[in-house]
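Presented sequentially are two complexes of chain A, the first with chain B as partner and the second with chain C.
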Partner chain A sequence: MSKKREDYEKSFWYKISSFVNDGKSFATKEIKEEKHIVEEDKSINIVPMSPWDTEEIERTGLYDSYKHWSFEGILKRAQKFYGVFSVLVCVLIIGILLFSISKLPRFGNAQNPVNNEVSRRYIEKGIEETGAVNIVTGMILDYRAFDTLGESHVLFTACIVVFILLRLDTKDQKTLEEAEADDRNFEPKNDTILQKVTRLLVPPVFIFGIYVILNGHLSPGGGFSGGAIIGAGLILYLNAFGFKKTGKFFTLRLHKIISIIALGFYSLSKSYSFFTGANHLESFIPKGTPGNILSSGLILPLNIAVGMVVACTMYGFYVMFRKGGYK
Partner chain B sequence: MSFVMPVLLLFLIVCAVFVAFTQNPLSAIIIYMAFSLIMSIIWALMQSPDLAITEAAVGAGVTSILMFVALKKIHAIDVKETGEGKEDKDNE
Partner chain C sequence: MDFVQNLPFFGIVAALFFGVLCSVVHRRAAEILTYLLLGFEVVASILVLLFVIRTGTSFTYMMGHFPAPWGNEIRAGIFECFTAFFFSATMLLALVGGRKHIYHEVESTKVNLYYTMACLLLSSILALIYTNDLFTAYVFVEINTLSAAGLIMTKRSGKAIAAATKYMVMSLLGSALFLMGICTTYDITGHLLMSNIKEAMAALHASGQYAVPISVIIGLMSIGLAIKSALYPFHTWLPDAHGSASVSTSAILSALVSEVYMFLLIKIFYRVIGWDVVQDNKIMNVLYLFGIIAMLMGSIHALRESDIKQMIAYSSIAQFGYIFMGIGLGTAFGMQAAAFHLFAHASGKALVFIAQAGLADANGGDRRIVALKGTAHKNPIAGITFTVGAFSMVGIPFFAGFISKYNFATAALYSPNKIVITLVTLAISTVLNAIYFLRVVLRIYSPIEDKKPVIRSGFAFGLAVTVMAIGNIALGVFGSNVMEYIISGLKMFG
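Presenting the complex of A and B:
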């Protein structure tokens, strides 16, 4: 440890840290805790708890037991160097990033390598070729739809991994009951304020999400943003009313069906246009007039598909983290 | 209006520093939510409203809620410590 300053309590940093930590300085607290441990060691010769002591972890909870973990003094010795090394690494990374930024060409310069014929073509011919007024959507769902397909699958894969890791064993009645009892911690039982506010708030949230998805090719937004909004609305509804209400309309079965249909539709329709003339932008839906909602061919159905997958994934994440399974 | 952007950027830096130096995980997440919200305002001011929508929904909403649930699962949010345990649940 470094030398202790006499006027530390008057220093600027002490004031900031005490402000952040609600009147307690973490520096002084740390020192006190260390002294406490040393005294205990002398009197009772307590054996430091190991992270693999499952009984102790069950008794105190994972986070509390983590506070008292001790790797036989290795951690204590390493802590002396942690401060110095973390500052060094931070300064190094900041230096590298600032250096590379100073070498970048000026933002918005016409001579930049970004301003090549690709972006010019997207801007000039985008509406004509894709039918989407929102050029960003035209790019990600038409010119570069293959990337977006990969992104949807990344999200789907993440959802599957969370399912594998956190899903409960539905055949074991005991774990199911335990999860049910544990889940009661999260549920506010008939919280009137929350329920009233949710009743008012959730329908506009859903409508805004649907609006963002459907107008993805006309106004800012698109499948991912709208899906995230709908997912957040579902989570809010679940928090207010609990699994009994949401289980009526959103089950694991519905989740599976929506995911499979949306991803399958995306893959099939895009692979159709990829295989019939590599990146040819023809599709079986006519483009219509730019500016109408039924325009720009495949982009509208693709937006809906992406939005449904994202909404399901967000909600599925929350359910898995909270309970480990649907009703 | 030219002073708005520097103030917001300064607020971002302050939030980032305070997330690192807060001891209570709960307040760290709430500061992180504030960071995301300011970030979404900055996106909107920089004329990319689609990113602003996504940042507000994912960064400030879903991510922090998942972190709240994770903290609750490992008993880092203690009902006795915070006094009112109900407040943990309805952050949205």
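Presenting the complex of A and C:
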């Protein structure tokens, strides 16, 4: 005797099966949540019409069979085969990749091609040439600074893409109220335990983040990791005290100012160093004594710039996904 | 060292900096900054091109105080400079031509972000063109992916956001495969600089070491870049992205974003893996097969579309098939034909996309092909230029498309095993192209009674499409001269 479950639609297996079979249950959900879209696309309402619209072709019926033929339709009918086939392809690719990995040089062998003159110079002359005790920082911010210039702009680009997608610039009172209500419903408010712990935690987190950034050229760390720590501290603070407190100091304006100062400084100072390097000119930036806090030329200020960009990006992501604004 | 040699580097960093600047200024200022930047890039790449032609050799430029295998390096030859010039000019014209649409379709507070994305996209395109280092290429591939997705989703509609998500998923898959290829390359050669990898690869190939990883590297890089440039079985992101994005975005995506990855693939074949190693590998035949399928399937899909923008998008897939078919021929002639087709397609496709917007505007924004009846009478300049672009796509003499089809046909004669399939597919594809493009041309010129409402799309639109049409015809008339430069540019690669 089979038992019929009342809450079958909530069960795990139903969700998985619907996810596998076109995800119908998810699709209905998505349509409901599509509130914030400002304009409706005109092209959605287009009724498919034949591009020829001559009656003769339509009468012969040849056109119909041609028009309604669809590759996707065949695929849908052969969905079972399609699923099996895609799994097989994945397994095949995994097999090929694993096989090729087995043919690669053994990891950690001294004779490997990776241990060549390039890494040797980084290790042997890194401190002398860049002034940074932390060779990794010396590599990413001096030897290969162009890559890192691109990398910090990747973060900036990602941030702007999220802005385009999620920033609520509307003056419409209703949408703003909705966003505010959403935020109140789903996020913690005035949680005493959280607030007390945050009071204790946030200052050390900030100080540690600043320490990691400032010591990037001396010890493990640097702009990327330190910036991430500071960003996490900001997010924790926001979670405990809400937008009322953070909105006072961290606004969109501040974010813009920090981005432009940090990235502008990075681009301009590195341009100077690339320009002098390529044209074989003397650069006036002193290297300092390796090991001192004020040493290794441009690396320290660049670390600070990268750290600011990373912290802003993390915080920006968080507020955009949470509410779509800084206040 | 000449001052001119600094210009490629200035171009890349200026594009990054202007991108950041555009994000904080007002939209008008952002627009002007972007035009200034693009104007500068066009002039700079012409100057560098003239310099390289005069000296007759390519040059490398050290990024910083450390020479190449330790520091970064960029490199400029004839092919690179010409591509940079052509792509930045096309981007300028596409942005000018679709200017009105950007203002209408993007939220007014986010127009400056649109231009930010455009600047960052330009910087990544230039960096991918000039780079001499594989890892730098990957970093800028990331910027390229993100900013292209940003450009697609600036049009605030559910469809555009869905299309951008689809684009991101597919494109990141491509990036991941490409990155795996780079990692494996680094593991077996110990270098990231293109010239050094090529030396190491040639030595490994001669000694027969690491034969499997080398094949896997070629496969991963080809498939990764093929996904990103919408080769046929991986094309599913492209029609949605084009159909739902703003018109400038469509033109930029089709003419530049997809093509810069093909440029990168050609560069990798010549400068990273080495032409001899690639020729011994069978991956060429796979690319050739996919290219052939794309030529046919793209056209068949285009025939079935009733929306003009989607039709042009599917036509792009067919045209990308031509390029991959040329690469897959596995001869120097095929590569030259593919390289020329990069430019022929970019000039034709951007023109068709922008002109299409003018025609649709004449009809109240209705993009169905049926509804376009007689629109060329209402908006004559859009009609004429669309016809020029369509003729180029079909391959009618005196237009750029003809030269590239002629090149492909001649190139096919030099690879005896593929001669019949190539020529037959070329013929079929050309006929299909003609059917779906000429039907639109006939439709927009069908006589209508009410010719009165002349839509003025604005001076900027007219200027942009006219310049693009003249450029396309110039490319068609002086095709053989351009070909000479491409051949010498590809020689500088090797």
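Note that in this section the second predicted complex is superposed on the first by the 228 of 327 C-alpha atoms of A that agree within 3 Å, B and C clash if a C-alpha of one lies under 4 Å from a C-alpha of the other, contacts with A are read in each partner's own complex, and residues count from 1 in each chain.
Throughout what follows, a residue touches a chain if its C-beta (ideal position, glycine included) is under 8 Å from a C-beta of that chain, and two chains touch if they have at least 3 such contacts.
What you are looking at is a predicted structure, and each value in this text was computed from that prediction instead of being measured.
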Winner by number of chain A residues touched, once chain B and chain C are compared: C
Touching partner for A:Phe99 - first (chain B), second (chain C), both, neither: second
Touching partner for A:Met314 - first (chain B), second (chain C), both, neither: first
Partner chain(s) touched by A:Tyr14 [first = chain B, second = chain C, both, neither]: neither
Touching partner for A:Gly231 - first (chain B), second (chain C), both, neither: first
Partner chain in contact with A:Phe206 - chain B first, chain C second, else both or neither: neither
Chain B versus chain C as contact partner of A:Phe265, first or second or both or neither: neither
Interface residues of chain A shared between complexes with chain B and chain C: none
Interface residues, chain C side, partner chain A - complex: 1, 5-6, 9-10, 13, 16-17, 19-21, 23-24, 61-66, 69-72, 107, 109-110, 113-114, 116-117, 120, 123, 127, 133, 135-136, 139-140, 142-143, 146-147, 149-150, 153-154, 156-161, 180, 184, 186-191, 200, 210, 212-213, 216, 243-244, 304-307, 365, 367-370, 439
Residues of chain B touching chain A in the complex: 18, 21-24, 48-50, 53-54, 57-58, 61-62, 65-66, 69-76, 86, 89-90, 92
Residues of chain A that touch chain B when the two form their complex: 16-17, 20-22, 26, 61-64, 136, 185-188, 191, 194, 212, 220-222, 224-225, 228-229, 231-232, 235-236, 239-240, 314, 317-318, 321-322
Complex interface listing, chain A residues touching chain C: 34, 37-44, 46, 48-53, 66-67, 96-97, 99-100, 103-105, 112-119, 121-122, 129, 142-147, 149-151, 153-154, 156-158, 160-161, 163-165, 167, 169, 256-257, 259-260, 263-264, 267-268, 270-271, 273-280, 283
